[in-house]
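Across the two complexes that follow, chain A remains constant while its partner is chain B and subsequently chain C.
For the complex of A and B:
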């Protein structure tokens, strides 16, 4: 006897689910709406119908040079992710395919570095960055984000690589495949989806990192996190322009995020929930 | 199966990430520990001297210290309570058959992808502003006086903002766990006449236990270090009313130029985080053996 889902049950659940979803999404929706209002409209009281102007977006670009922090965000997020992947892929690979007794300990230790509170090392990192002239440079921040996310990248890749069956390797070896052939023809095609997922999630994490990016940059290398945080002072932009800047800061990553729900669960729980 | 050759290769492949993380962990931490015993002020860098445990004493006897510890606990505890209870409720709701499930999921998950400064500014200006915020508009509609959230309830306001950011994470993970629950078990329980409440207590909740543990532990790691949300909304104030430990250390270091004191605070933060990490590692480690 199959479970009988009545239409009434489904309609009730749908109504409740949509109400909850819209309440949770409301702050983002309202920001989007406010971004196409004029400034007087934006502070004229609650209204969901904007006049539909795009002047705020133009103003944010012309007055505050939005494109610069945007490009910094892109360079930092993509650069640090690729750098982390280059360092992490061989490690994860070795741990997944030639595990030793100590592999698990190494993985746990790597995870433990992620638990170190950022503020605890704020002083030495700040002083080192100052002394090496890395403050407010793209290189400095890229290295920083790479190191911060490296443990997560190794872990994610490891959980994906571990699912590639070892027998396939043995079969390839029996057929006389060399190490190079093994990597190019057998492992790479199987590893690409895992690497892509890791890439996606890590770009999101790096884009939204808001402690080191704010503290270690001022203007030249400041990504969107620092750019937006600078509007906290009252003499910053007004409501509608702030909304336009916010919308542009979150839109790319919001869309990327929608495509990565599954990987998100897996990556952020270190494979503990799939 | 593995020959000596492949073992050496494996070690070489692991070396870069292990070495990098080792340096990255040990060097700054050792420096923090060293600074924490020094009298070192950035305004007077020529005059550095050893002070023993003075910085710890100083940090410990600062009235702001206990307030910041308390605030840290309130933020972590408050956000966990809201996100876990809310997350379970929403996950149960989204697990039902509904129209437009895909869109609902996208709407619910969205806040997680909003960078902290944007989330904080949206709430500060658009929602909670006493003059122009939506909550003020609602209050005026009912003829009430708008609440100045960040002045009157600064800590509560921050908890709300951070909870909004993390509720999607908890929901998504709990929903994933919920969907792996065996449908036949549910049907069997239903046929045995178990009502919704009984099914929840005896079947669903035990199944979710692990996911809930993971949510609590991972969120705690991030919640201990809440920073940007405080920086752009209350800046730790009024007074120290919304300063958590992370923010106090930042204040001491970069606004007070007191390297020694901030380092002592940093070491205290490390100890706190380690206590949490210990439990997280055990939970995740168990999973590895499976």
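For the complex of A and C:
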């Protein structure tokens, strides 16, 4: 039965959707607006009309170099994602295609580590980083980001792999494919959409991760999250500059997200809608 | 060559003994059909032969060679799955070529073989399409094409036609039988459709709860079922089973008479019954009757007979076609 959608319903739904979208997007919008205000304007109170100055961007760039934290962010996000995929693809593959009695428990245990508050392990991790000389190093942070996102990556890949019908892999086995040929010619091409969206999501998560990156870095390895944070300094709040820094920090990931929208949505709803 | 021998093959899943112990001989070039109710272990048995499942006990020999522990690819068998199991990211051409590519055959030889297979299966116009752009019947033909290019020593089919509609099933049935006559390769075919079993098989293996109830040619099974299970399973509509005085008078626990072995008349006969439901199929009519002193009986009669709900009909069972079974459900011969 076709559903009876009247124009009035459609208009109401559209208006409602726009309102919700605007509420969700508003903080980002306000950051954008604030970034083109002068400092006095920024603290003057709520206003949607800026004077339109780009001074903040210039100041931010001259006070602190944007390029270095940007590169750090790229290295950390991409590096940790690749590292996580290298570990997670074989593990998810094993769990999806030759599960044992404990597979479900292991998956639950992995997920449970994400439920623990990060602060709880701050001190031991900080001390470990200090003793191994990993503080403020790209390697240390990359490993840290890999580890904190690994459970999610494994879970996502596991769910995607489970969607691949086992009979297709069995057909490949019958057709004479060895384990590697099965992975290379059959499994991977079929898993590409899932792997791609896992990759994108993990890059976004790693890019935005602020708790550990801020605490375990100072200057050399500091990514854009630390760059933003450095503008909320004890000398006072520079809201306009903070907003300009934030805008610069989120812009790359926003652009990436925009262009990969389709892939992300397809990946995240994989299996739900065939 | 493609003879397959099973020696005391068993399969246990956790606690469940799905296949207790099976001995079976499949000769080279034979078309063997496994039939049985859902869950009786047909697919499991086929997968054991394929090597997709490890045996829990026993031995599997192909052409006299022990392959019990060999990987699927080493057994030289090809399988066609119920879900077709085509590679969705490859064109029809690449799908059919895949086993040859795995065998490291030269590209020019691959092309020749793929094209020959496509011609046999009427797929030439579809070689560049993806599986998702094909109809069910075409997909099934691609799956068969992928199986035949390798020239396996035997084909394994797991309910290959059950996703197709009735008309297409009929055509594909003929195509597979035809293919068997052309290739003369051993085929092991799983189905629960007994029309497929009866029409295609050289040899039918009736399975029940992981045990072989009977092995024989379709007509063997039809004419002399070994026990109640086979008698009830082979033949459509089902054989009528009659207990009580009638069976005892023929010194049996249960008597069996097929619906087509009842002579029908409007005015005289051994049994008198009332028509409950009449199924008119055109050429034939199936009458579901309530017979005095006997119980419910199904009879098959000519489409011209003209009996309807509520009519009284007389029946005379053809005693020479009567089946008799003892207390254990085994057929009494002679």
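One rule holds in what follows: the second predicted complex is superposed on the first by the 210 of 274 C-alpha atoms of A that agree within 3 Å, B and C clash if a C-alpha of one lies under 4 Å from a C-alpha of the other, contacts with A are read in each partner's own complex, and residues count from 1 in each chain.
The working rule: a contact is a pair of C-beta atoms (placed from the backbone, for glycine too) under 8 Å apart; a residue touches a chain by one contact, two chains touch by 3 or more.
Everything numeric here is computed off the predicted structure, so don't read it as measured data.
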item	value
Which of chain B and chain C A:113 touches, first, second, both or neither	first
Greater chain A contact set [chain C / chain B]	B
Touched partner set for A:167, first chain B, second chain C, both or neither	second
First, second, both or neither for A:249, with chain B first and chain C second	first
Which of chain B and chain C A:6 touches, first, second, both or neither	neither
Contacts of A:62 with chain B and chain C, given as first, second, both or neither	neither
Shared chain A surface residues [contacts with chain B and with chain C]	170
Chain A - residues contacting chain C, complex	165, 167-168, 170-178, 181, 185-186, 189-190
List of chain C residues in touch with chain A within their complex	50, 52, 71-73, 77-79, 81-83, 85-89, 98-99, 102-103, 146, 150
Residue ranges of chain A touching chain B (in the complex, touch as defined)	1, 3, 5, 9-11, 13-14, 16-18, 20-22, 24-25, 27-28, 30-31, 34, 42-43, 45-46, 87-88, 90-91, 93-95, 97-98, 100, 104, 106-108, 110-128, 147, 150-151, 154, 170, 204, 207-208, 210-211, 214-215, 224-226, 228-229, 231-232, 239, 242-243, 246, 249-250, 253-254, 256-258, 261, 264-265, 268-274
Contacting residues of chain B [partner chain A, same complex]	1-2, 6-7, 9-11, 13-14, 16-18, 20-21, 24-25, 27-29, 31-32, 35, 90, 93-94, 96-101, 103-127, 131-132, 134, 137-138, 140-141, 164, 167-169, 172-173, 176-177, 180, 183, 186-187, 190-191, 210-211, 214, 218, 221, 224-225, 227-228, 231-233, 235, 245-246, 249-250, 253-254, 259, 262-263, 265-267, 269-270, 272-274, 276-277, 280-281, 283-285, 287-288
